[in-house]
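Read from first to last, the chains carry the letters A, B, C and D; within each, the first residue is number 1.
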Amino acid sequence: MQNILRLDLEDARLIVAGAERHAQKIAVPVCIAITDESGQLVAFIRMQGGKVTSSTIAIDKAFTAAGAKKATHDYGVASQPGAPAYGISSAIGGRLIVVAGGLPVVFENEVVGGVGVSSGTPSQDQEIAQAGIDYWLSERCQ
Amino acid sequence: MQNILRLDLEDARLIVAGAERHAQKIAVPVCIAITDESGQLVAFIRMQGGKVTSSTIAIDKAFTAAGAKKATHDYGVASQPGAPAYGISSAIGGRLIVVAGGLPVVFENEVVGGVGVSSGTPSQDQEIAQAGIDYWLSERCQ
Amino acid sequence: MQNILRLDLEDARLIVAGAERHAQKIAVPVCIAITDESGQLVAFIRMQGGKVTSSTIAIDKAFTAAGAKKATHDYGVASQPGAPAYGISSAIGGRLIVVAGGLPVVFENEVVGGVGVSSGTPSQDQEIAQAGIDYWLSERCQ
Amino acid sequence: MQNILRLDLEDARLIVAGAERHAQKIAVPVCIAITDESGQLVAFIRMQGGKVTSSTIAIDKAFTAAGAKKATHDYGVASQPGAPAYGISSAIGGRLIVVAGGLPVVFENEVVGGVGVSSGTPSQDQEIAQAGIDYWLSERCQ
């Protein structure tokens, strides 16, 4: 039998809040999704101006990062033509996302969830996702 | 060209807040989804104890209620064996939900969004969805 | 080798026009879809007020009627609990529709296409689909 | 609450008419799809000779352009191997199209819909989509 560490709704809301605040600061409205460590959705928002096509992509970035315990941009590198994971982006009905903006949420060296952001450039999305995690970590320490 | 009324993220959050509060009051943890008038997701939470299988169902209840401008329990009646819409529940890849818990969000006689709740009994889900709309209406009037 | 009779875009537009005119007359805005005899989409409109959830349903009603050479309401009868085709409504990923509003388009005793209507009551949808076929037949005879 | 601008069926028909006329002029039969600003289908035709496989592609090009507020050929550039959005083409169950032929429809600086064309070469498809928008703009100004 095993014991699983998993973020809860309060954690998810802190990550959303930190990501949203950063998105507002850099004026890039996005979709933000948080999943638990199994890749199951816990919280989601589409900010005003976030793209309709980004809802599923944000959810799937979080799903990929949590489930594969890996940032989506790492898959981006690993799935280039000629690289070992080439072609993986169409796996799981297209849910495995290899574009930046999905990060695993790590606590005490365990992946406890995932965050996915979409609608900006991939690097903006990643930056916003990281801001969400940073804010959550800073709030937890208080 | 036409002009459409649509709920925004602030509206969606008020509906989530009202639904969550009622769910806590009756001690029924649920998934709560809000879509815009086109059935596109705007906000989502899975409360602690909300069922993993209910995430998609909540989202699809909100999608159905907004897109079809109709409460999902009305489809439940209309799709009974022998009734006119029998068999509709498997339409749109199974996204058309005929179980109670999905309500259109109406403002000035227009459907501006949808709310979907899942994890409780269908009548609890519907009651929680309604509580979300009621809270939103009461906050808007202040 | 065989020769297939198939409606063309001009036929499809006549059916759409006749259906739309009738929908306007009875003040029921709908989605109208026309497929060829293979169930492949040829023409589609969503009238102002037609439901977003009805787009796929209208297309799938036309697909079902053309592909199965059978009105969707006939499937409605045949798929009731205890009847021989019970459960068929979830076939083909839910594309097989058993609710009224899908009619095969017949010419010289061959099915040459399908028409599907959705957003009204099932009987209104069927009436509108029939009006489309009737208009097309009357225009062809001139 | 927010107010959204959206093309209506009359607008959609003008875009289809302009695109169809241009497709006839250059003798390239195509599928033409128009969606609203949320990516929901409003009108569709498959011209005689338009490819069966192009129906879904045309619809998804319009969906992508409207939902992501971006021409599909811009995604084509951004998703090349080594570029930031590499791998995005399989997202949303493959509905996100990165091949030329999908354009957002813009009115008063807002995306009010999308047009998608498929069956020709990608550059022909894009040219036909643009002709649809140009015709619509010229008709609106009269």
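Worth a mention:
Here, a contact is a pair of C-beta atoms (placed from the backbone, for glycine too) under 8 Å apart; a residue touches a chain by one contact, two chains touch by 3 or more.
Here the structure is a predicted model, which is why all the values come from computation and not from measurement.
Chain copies subunit A and subunit D are related through a rotation whose angle, from the C-alpha fit, is 95° to the nearest 5. Of all residue numbers seen at the subunit C-subunit D contact, over half occur in both copies; the interface is built from largely matching residues. The distance from the centre of subunit A to the centre of subunit D, with each centre set as the mean of the Cα atoms, comes to 29 Å. Here the CA centre of subunit C is 25 Å from the CA centre of subunit D.
Mean C-alpha positions place subunit B and subunit D at a centre distance of 31 Å. Distance between chain centres (mean CA atoms), subunit A to subunit C: 43 Å. For subunit B, residues touching at least two other chains, in rising order: 2, 8, 38, 40.
If touching chains are joined by edges, the resulting network of the protein chains shown has some other shape, matching none of path, cycle, star or complete graph.
The list of touching chain pairs reads A-B, A-D, B-C, B-D, C-D. Within the complex formed with subunit A, the subunit B residues making contact are 8-9, 12-13, 38, 40-48, 52, 55. Taken in their complex, subunit D has these residues touching subunit A: 2, 38-39, 63-64, 66-69, 81-82, 84-96. The residues of subunit D lying in touch with subunit B in their complex are 1-8, 11, 36, 38, 40, 107, 112.
Against subunit D, the residues of subunit A that register as touching in their complex are 48, 51-54, 56-57, 60, 75-76, 79-81, 89-90, 93-94, 97-100, 121-123.
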